Structures are given as structure tokens and as C-alpha cells.
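Chain IDs A, B, C and D follow the sequence of writing; residue 1 opens each chain.
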Amino acid sequence: MVAVLKPGATKQQIDNLISWFKSRGLDVHISEGSTHTIIGLVGDTSIIDIELLEAIEIIESVKRISDPFKSANRKFHPDDTVISIGDVKLGGGNFQFIAGPCSVESPQQVLGIAKRVRASGATMLRGGAFKPRTSPYDFQGLKADGINMLLEAKAQTGMPLVSEIMNANHLPLFENIDVIQVGARNMQNFELLKELGKTRKPILLKRGLANTLKELLMSAEYIMAGGNENVILCERGIRTFETYTRNTLDLSAVPLLKELTHLPVIVDPSHATGIARLVLPMAMAAAAAGADGLMIEVHNDPSNALCDGAQSLTPDQFNVLASKVRAVLEAVRK
Amino acid sequence: MVAVLKPGATKQQIDNLISWFKSRGLDVHISEGSTHTIIGLVGDTSIIDIELLEAIEIIESVKRISDPFKSANRKFHPDDTVISIGDVKLGGGNFQFIAGPCSVESPQQVLGIAKRVRASGATMLRGGAFKPRTSPYDFQGLKADGINMLLEAKAQTGMPLVSEIMNANHLPLFENIDVIQVGARNMQNFELLKELGKTRKPILLKRGLANTLKELLMSAEYIMAGGNENVILCERGIRTFETYTRNTLDLSAVPLLKELTHLPVIVDPSHATGIARLVLPMAMAAAAAGADGLMIEVHNDPSNALCDGAQSLTPDQFNVLASKVRAVLEAVRK
Amino acid sequence: MVAVLKPGATKQQIDNLISWFKSRGLDVHISEGSTHTIIGLVGDTSIIDIELLEAIEIIESVKRISDPFKSANRKFHPDDTVISIGDVKLGGGNFQFIAGPCSVESPQQVLGIAKRVRASGATMLRGGAFKPRTSPYDFQGLKADGINMLLEAKAQTGMPLVSEIMNANHLPLFENIDVIQVGARNMQNFELLKELGKTRKPILLKRGLANTLKELLMSAEYIMAGGNENVILCERGIRTFETYTRNTLDLSAVPLLKELTHLPVIVDPSHATGIARLVLPMAMAAAAAGADGLMIEVHNDPSNALCDGAQSLTPDQFNVLASKVRAVLEAVRK
Amino acid sequence: MVAVLKPGATKQQIDNLISWFKSRGLDVHISEGSTHTIIGLVGDTSIIDIELLEAIEIIESVKRISDPFKSANRKFHPDDTVISIGDVKLGGGNFQFIAGPCSVESPQQVLGIAKRVRASGATMLRGGAFKPRTSPYDFQGLKADGINMLLEAKAQTGMPLVSEIMNANHLPLFENIDVIQVGARNMQNFELLKELGKTRKPILLKRGLANTLKELLMSAEYIMAGGNENVILCERGIRTFETYTRNTLDLSAVPLLKELTHLPVIVDPSHATGIARLVLPMAMAAAAAGADGLMIEVHNDPSNALCDGAQSLTPDQFNVLASKVRAVLEAVRK
């Protein structure tokens, strides 16, 4: 960690600061420039709160040299983490398709989609029982009934389940859900993350709409600090000025995260773009960028689905996507 | 609500769509252009989920004419809402200063600051007992002990209290807190908002870092839909590409919100900028823009406060601020 | 075009507005709702300035149904434009690699890189002679000398040249440059675009850092309105809150632009990310997303290049990239 | 300047780097940590191109301690710059109103508005003769005729003129324009800035839609490096995700710029918000935040102005604004 002091700092102030650093067990190196004094700190600087440090009157700015995340850091854990979900493995070269409807609507709908996407190569079934909606007047999901419909589909197809949690008090309902999803709006719901850290379930953590990659890793760290190392990161688009797509899918996040952390990284092109006809090209691009998996919204028979999602594919479209993505994966691995 | 149909829509598809709208109790007006057919919908369109509508195959785009928020909408409630907090009134011409430390640290600290800011004109005391921190390794607040220190300061000064909640399960601890704050990261924690809607406490709802004003109003609507109409909105800066300030304070939000809603609107210039020397000019600007109040971080004796917030003022600086803001308010009201 | 009127509009005001629309040759359809009147306009609405329309007192909002761009619009020109650059064709299924140094430094440097990238499959040589730099104190390029070095490399290798123009007065220097590049900072330098519209040279138009896809297409329209239909669009990253990468590469722009326009769309992953080790994964992702070409920065022998670009690849790295991208292209086309 | 080296840097590589720094006349301080070596550079580091430095293989990151701008830097020029425009002074406590129509339309229009705004306290007249428009099909301004209408209004009212230039080749037309405006889209048109640096005219430099304050100061530096120190900075809103306003007015830019530079800083609330009814509150807020002046769009008789700007005030509204802003200025200066 490097701290740059303001030009007017007195010797007394600087000495006090240095003593304080030393009392924290840090080695201190001083470099006096023509206008600024620079202090280099060596040791375990993760104990230093950088915002508080910046608040000290004589400090102009602080630069952290080491990353603030530890459990998620690839430097201390060079090998890819492979997460086991039932018989399915994710990460470390194991690419998986997670597919299913945005919202669970009926047992027939879930089971019908599950069979179709499994036949196309999906290995996990996703479905929303609790839905975060911007408006309190919009459909909020089937809740416990929806969870039961998912469990029934799992019983019949053997597919592990992925579903979103919005409230730690609902955890008992998720006992047989295989992967618990934390949505973008809850990425910094630290209380929820702490509770999930107490479980040993795989957690699919989505990047928040306005969160940096470092913040995403710090949120993973909240879960891991509780002892749960089964975290899957998910890029799903960030909020920018562009209004054509719902969000801007940040695919450079994939190779960057793979470099910074050993955790698996998947991509959700359905929510990122909000436009069904962009899902295929963005899914192929995500695979080419090095993602460990894809989460794709698939809806049932569109002739009966007056009100299904603008971003959802039909089972036939998903079948094409899975085949094209596999071709890209082969090309990437050559 | 206006729906624009895609060029290739067949008569049968259009007729089906019209029947569906009519079954929802809506009047339908058709306008056929050279390339597009446009459907105008008249009636209570708030029952229509716009995302789902956009997903219908023959629809190119949808434009909502009426606002999706009702309880918060000034159109249906032209007079300013005035919120009573103990003996203090906020909104409808009643401007208030909320001041206090970022984090509660000790009984002496809280009480000392409370007395100083009260003497300068602050009418409410703020202090954080539960702290949302990006890193699990940073200080998370004194929790229940911090709440007790705030209550002790209230007992001695009579100042109503404002403090942030992060978990609905903590609500019993907030029984004697006068205003419950929802932080920016929880603005779309809909489960928390629903629980707060069941109380009758004033809720101070901060705008999320990447949330639009419409989304802020929809989150207020979550609280109000539960029957709690005591919502105070707070602009505290949004996330942009500019890195000089921590966030970009969006002061145009103040007159816009005052136009869209009857709820009081306050500004937090401390968190918005993250830089103490910007708090005074931004506080004056917020008052000039029409805010109903200010929330200001004030720390105790800086000579003992090695690690207090970069964005906090000393009590003396707050005293100057309060006096200057009062002068601006007088000028604005002339 | 649909205009929504404000609730209080009088009959006289509405009649005046309708007469004005009719005097513009437009058909007018009225739809009266319970709170708002909606006017549908049919005819050539591209003559209507939408900003000015929104300024009329009784108008609440305006929604354009047709796109404001014509020459670039795929609706009026369904087939892909194929641009001929010397013997090279770009677009309509013809994928090309454009490679070369960020700045032209010496004849040996340019020629050396040109030979290496040509051997790896690059068909066009890029190199900057005029450099847009944020600071007036940074290196501004070799200017006319740099152009001559590029021309010499073309003479020896036969590769068509791509180089950036910053001032229409420099056009005579670009007489033998095959493709003139407009940089991101000049995307809305409308005076420059107009001058380039008078030439018949292929123009490589880069998306501005904060420009929407519609604005990019409108800037293409400036060039095309002058009669020059040889425009190549280039996605090179947009400015967001994320600070890890220099910009955020918006790859969903590729399929969206390919849908909206018949013009070729290429991607520059070097400038988008600013990090050499991200260029390979993002190049593969761009190819998977459907790009018509890639522009890649390649520098000469790094052991002599103390100060070459952080985002540049070595010729060997470019060779790997070209081979991997070709594999992805094959997979995509299966 | 501080450079952090990567963990794997060899002694030979580090020694080479140190020699290179020393050959540039810099003093070098080494601080070896447990994982990283940090190099502090003392001397005139403005000669070092930070991007190029970051590209060196063994360097992980670089932090500039000194600001990269010199002529504009308040550290080297503590007193406020006061710019003389005819008899009018701007900056250093001299607050001015610049008012006038968005576009010059006719001699009567310009003169009529000029007289009205002068009576309300405006000291400079603005009007656009060359208009940057996103679409080539929109009105591009009256050009030379528009300039002549402005000059006629100046002859009759004595008001100095402010008008936007889009092309350095038009400079002869601006000979009698008192202040030349550079629009947001041209803030980084470095060729234009260089030409303006050769004049001695006051230049009103608007912040680009996606430009940081540092970039704005570097663009001012382009003008000043040519010898023209008469630069006025103008905050006019930045592009964010919020869609309610056209741009987000960043008022914290005002006190920040006043701290970083000695140049005058004005605010344009008309373009920032794009909504006439927000101009008054944002003008008052800008004055409260410490701006040195305001640029306000005022249009002529709205009953005849079917197509005037949504963001323009009537002369009567401007009169109220000027009076309210003066009251705020008095309060601020108390």
C-alpha cells in the first residue's frame, strides 16, 4: 500500500502517522519528493480500511498494491475451482448449460421445458419462484408452489435446480434446490450474503447493474468468509447510457475474472440484452471469451404464451444455440 | 399506453391482440400508418405488465403514457406530504437538517456530536449502527450496542433518530428509532421494502447508485402499497464514469422528484461526493434546488479521530454550513 | 411518429398543431384517452425535427416509429454492403484482419510489422501518423513523415492502408491511404464527416466513447448523405463506471448494427480493453458475435520497445490470434 | 510518480528500468515490499507518458502524484483568472449572465431577445449560427448570415457576443465575435483546440458528454499551450443511465474545478437538463455551488415560436431567473 502525503504535512504529523502504521505491524518506507512525501507500507495491509485512511488530514491519496480479496484470489489458489452440483461439475474445463423458464408457471410448463432443454444438452434446470420486480403491482412469482413444481421436475428428469432467493428467511424452502441464485439487485445485500455463507450450497452470484468486478469479488468474499467456497460468478450486463439493449453485456469481465479468481464464471445473455434474437450471438461470444457456462431463458410453446419474456428462446432455438456453442467451444479448445 | 406493431403482423394476429386488450377492460384505438399499425389503449393500463407486452411477437415497442406509480404520484395527491417525526415536521415547506456521525463509536462520541449539531440547528440525529461495507473484513458497525448509544443520546437531547436497517429481522431493535433508513444498496431489496411497508415508521429511502428516478419512485411504491405512506426520498449521488468524486450528485433529481411526487425529498451531499470540502457548496446548491432537507455527516474532535470519514465535517464546519444554507433558503423563498 | 399531448391542451391549440402537421404533408390520426390525447403521424416524418417537436408547449412526449437514418438503413437496402479496398473485400461474408502498430515510428518498424502480420493473414495495414492525445505534451505522431512510411510499406507489401485523419485540411496527404479512419473523439465532428462525404474513399468510423448506436448510424448518415456510401462501422468500447478495463467493449453492438444497417461492422479489441492479454479472448468473442473484421494493434520486437502500447500484441501473439479467430469463424459458419 | 513493479521482475530488468528513468533526469527511490517493489520518481515527471510507462512488461501500475496540467493548474497560479470581454469581466468574483437564443433565426429575433435579456441583467449575448446536429437532415444553422445578425445586434445593444465554432476554417467569420464557444462534441477535437490556441480570443470550452474533469483541463491545456490563456470552462451535463433529463448536470464539477484551476467556471443549465422548467432551480443551484456565470437559452415570443427549444425560457422567465440568482449570490457571499 502506498500513501501520498499532502505538501503541507508537518514533521510531527508525519511521525504520528508512521507510529500508527508501525503499531499495526506494518513496515514503513519513506520517499521524499520535491513536492510530496510518499509512504510505502509493507505487511498485511488488508487490515487497513482504505476509505478511513484517505480521511486522514495529511493524506492526499492511497493506492492499494495487493487485492482486497483473499479467499477468491487466484494468487493464493492457482487452480480452477470445480463445483459439484449433483453429478454435474462446473468450472476447470467443465462447461455447462443452465436453461429453463424465467418464471415457473405450472407443473406442465416446467416439466415440458425441462425435458426439451435436457434433450438439447442442458444439464441444469433454472426457474424463478420468487421474482424481483421493479413494480409492486407486477407478478411476484408462485413462491413455495413454484419451488414445488421445480422439485417435481427434478424428480422426473434428474436435473439439478437453480433458483433465486430474495430473503434469507426463505432458506428452508431452498433445502432441495441445488444452486441458490443471488440476483443482481441483491449483489450487495450483505446480510443475505452472510447467511448464504453459513450454508454449503453452491451460490450463483450475479453481478449488480452498477457494480465493478472488484465489488463482485468482494461480495463473493462475503460468502466465502463464512466458510462456503462454492461460489459461481455470473456476468449479466451492466447499466450504461446505451438504451437499445436493456443492459450492456460486459464480456471482457469473463477473461478478467478468470485471471483474478479461481471461481467459475458463467454468462447470462438473456437478461443482459433483453432481446431474444441477440441471445444466440452473445452466447457464442461468451463461449469464445472463455466462460464456464451459460444460463439461458427458454419458454414453452409460444403459441400459448401470450405473455412470455421478450428475451426467451423457444426450445427449438435453444437446441440450435446449444449446438452452435458447442462448435465454438471446440474451436476455442483446439 | 401506445403499442406499435411490427410491419408484418397479420390481421388475425392483430384481432387476437385487440380481443385480449378488450378482455382486460381497455378501450382500443387503431391508427394504421404506411408501415406500422399503432394501437392506443385507454383505461387502467397499470394492470398491464409492460415487459410482458413487449414480448408479444407482433409488438415492436410499447410506450406508457401514464406513470406506473400511484400512491407516490403527485397527480393523485397534489399537496406536499408533511411527515411528523416526534415534534419535527419535514416537507411542505419545512426544511430540516439531519446530522451526526457516519458510524456510532461510543456513547460520548454520539452525545458530544448530538449536542453540537443541535446547537447549530440540526433537528434530527443520524448515526450508523449497522454498516454496509463492500468488504467483509471492514468494520461492520456496533449493531445493538450502537442502537443503544443512539437511544441514550435521544434521551439526553430529545433529538429524533435516523439509522439504517439492513435486515428486516432487526426491526425489533429499531422500535424506538424514529426514521428507518434504507441504504442505496438496498433500494431494490424488495423483501425489505415490503416489511417496512407493514410498519408505520417514516422510512428514509436512498436512491440506488444506478437507479433511475422512476425506479426510486417504484421502490417508494413498494413501501406505500403496504400502507405506510411516510416515505422520505433521498438523492445521494449516482455512479458515472467520473472518478474525481465518489459519485455524481444529481441535483436535477430534486426539482424533478418534487414535480412527480408529493413525498419530501432530501439530499445527502456527504456520501454523494465523498470529499469533505465539497459538502458545503453542494449543501447550498441542494437548498437552492429546492430540497426539503439535508443529511450531513459530522464527526467528533478530529484531533482524536485518526480514522474518521473523509467526507465528514467538524461540528464547527457544520455550524458554518447550517448558517449558509439558511441564508440560501431565505433567498430562494423571497 | 406518435405525439402525446399534455392533459390541459385546448381545442384551439390542438387544431393549430394538426393544421401545422397537415401543412407538412402528414396524415394525422387522433386518439383521445381519458387523460391524454395521442396524435399519430403518417407520412415522411424524417422531415420533422423531434427535439423541436418536443418543445411545443402542449406536447408531453414524442416517439419516433421509423428510424431517423435512411442511407444506412437495412430496411431500404437489405443486402450487405461489400466494400472493395484494393483487391480486398470487406463485408457480406468477407472477414478481414487489419493489423499494425499504434503509432508509426520508423520505416523499419512499419515494414517489419507489415511483413509479419501479412504472413499471419492480415490483409490491411494500420498505423497512426496523426495521434489524438489527451495531453498536448504527449507524442502527437510523425504526421506527413508517418504517412510516407506507411506508403513505403504498402509499396513493398501490397497491403492497403488504414490511417486516422484528425483534420479535413490534411486530406491531400491521405490521397494514397486506402481507408481513412475517423477516431472515437471525432465521431461527432460533423464538419469532418461532411468533408469525408465528398470523397469516395472507404471511411472507417469508430463509435464515440459515449455514443449510442443510433448516433453512430446518424454519423454514418452524415458521410453517406454526401454521396460516399463506403462506410465501415467500428465498435471499440464505451465509457462506463468500470475502471478495470479502459473501456467496456459492447459486443452486442455487432449483431444489433448488423440488423439495423447493411454496412460492415468491425471490432477493435485493442483500444476497447487497453490490456494486451484481453485482446485474444475479445477477438474470438467478436468473431463469434458476427463481426466482419478485426483491427488489432501489433508492435515490433518488444525487447527494443521500452515504450510500446500496453494493448499491443507481438507478431507471434497476433499469429496465434489469427489462427484461433479463423477456427471460431469456421465454427460460426457451420 | 509511483510505479509498482510486478512480482516476477528480475534484478536485471529493474536495473534497466532505473537507468532509463535516471537518463530522463529523474531521481529514483526504491521500496521493496514482501510481494512488490515500488519505485518513486522525483523530478519533472510531466515528460513521462503514463500510458507508455504502463506498457512496460515489468510494471503493474503507475500512479501520477502531480497533475498532468500546468498552465491551467491553480498550484502554479493561485489567483483567479479574470477574463475581459469588451467592458465585461468574468471570474475572480465577477459573475455574468450570458443569454440568447439557441439558434439565430432572423435579425428581429436576435435583436428582440438581446434587448429583453440586457434589460434583465444579461451582459453577453449568445446565439448559434453553426449548429452541431446529430442528424444531417436537421437544421444546421444560418452560418455566415447568422453571424451577421449577431453582429448587428451587438452594434445596436453593445453586448459582447458568444457563438460556437465547428471548423477552424471558419475563424475569419468569428473575427468580431467576442467569445468563441467550443461545443461538447468538439471538446477533444484537438486540431480545433490548437488553432484556437493561436488566437487571443476568449474561448468558452464546454465539457464533453463523457469527459472527466481532468480531460476537460487537458483540453484547456491544449489551448493554453498555444499561448491563449483566456479559457472559460463550462459544465453542461454528462451522459449517464438516467433518461429523465437529457444529461445529468454535475454541479460538484464547479467547486472541484475552482480548486484545481484558476480559470473561470460557468454552468449551462439549459442544455444540461433539456427541460425548461428545470432551468430556474438548476441556475440557482449553480450559483450556490460557486459558478462564475450562467449561460441561459432564451427564445422570443413563444406564441410565434412553434419550433423553439424545449429547454428555452421566455424573456419574462429569464427576468425572474436573473433576479432569483442574484438573491442566491448575495446569500452565498454573506
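FYI, a contact is a pair of C-beta atoms (placed from the backbone, for glycine too) under 8 Å apart; a residue touches a chain by one contact, two chains touch by 3 or more.
This structure is a prediction, so every number in the text was calculated from the model and none was measured.
Novice: More contacting C-beta pairs: B-C or A-C?
Specialist: Taking the two pairs in turn, the one with more contacts turns out to be A-C.
Novice: Based on CA centres, what chain would you say lies at the far end from subunit A?
Specialist: D
Novice: Which one, A-C, C-D or A-B, has the same contacts as B-D for more than half of its contact pairs?
Specialist: Interface equivalent to B-D, from the options A-C, C-D or A-B: A-C.
Novice: List the centre-to-centre spacing of subunit C and subunit D in whole Å, with centres computed as mean CA coordinates.
Specialist: So the centroids are 26 Å from each other.
Novice: Provide the C-alpha centroid distance between subunit B and subunit C, rounded to the nearest whole angstrom.
Specialist: 39
Novice: How many angstrom between the C-alpha centroids of subunit C and subunit A?
Specialist: The computed centroid separation for subunit A versus subunit C comes out at 31 Å.
Novice: Name the residues of subunit C that each touch 2 or more other chains.
Specialist: 210, 239-241, 243
Novice: Which bits of subunit B are touching subunit A when the two form their complex?
Specialist: Spelled out, the residues of subunit B in touch with subunit A are 20, 46-47, 49, 51-57, 68, 132-139, 166-169, 185-186, 188-191, 194, 208-210, 215, 218, 221-222, 225, 239, 302, 306-312.
Novice: Would you tell me which residues of subunit D are touching subunit B in their complex?
Specialist: 210, 212-214, 238, 240-245, 248-252, 254-256, 259, 272-273, 277-278, 281-282, 284-290, 324, 327-328, 330-332, 334
Novice: In the complex formed with subunit D, which residues of subunit A make contact?
Specialist: For this pair, the touching residues of subunit A are 2, 4, 27, 29, 31-36, 38, 40, 42-43, 60-61, 63, 65-66, 210, 239-241, 243.
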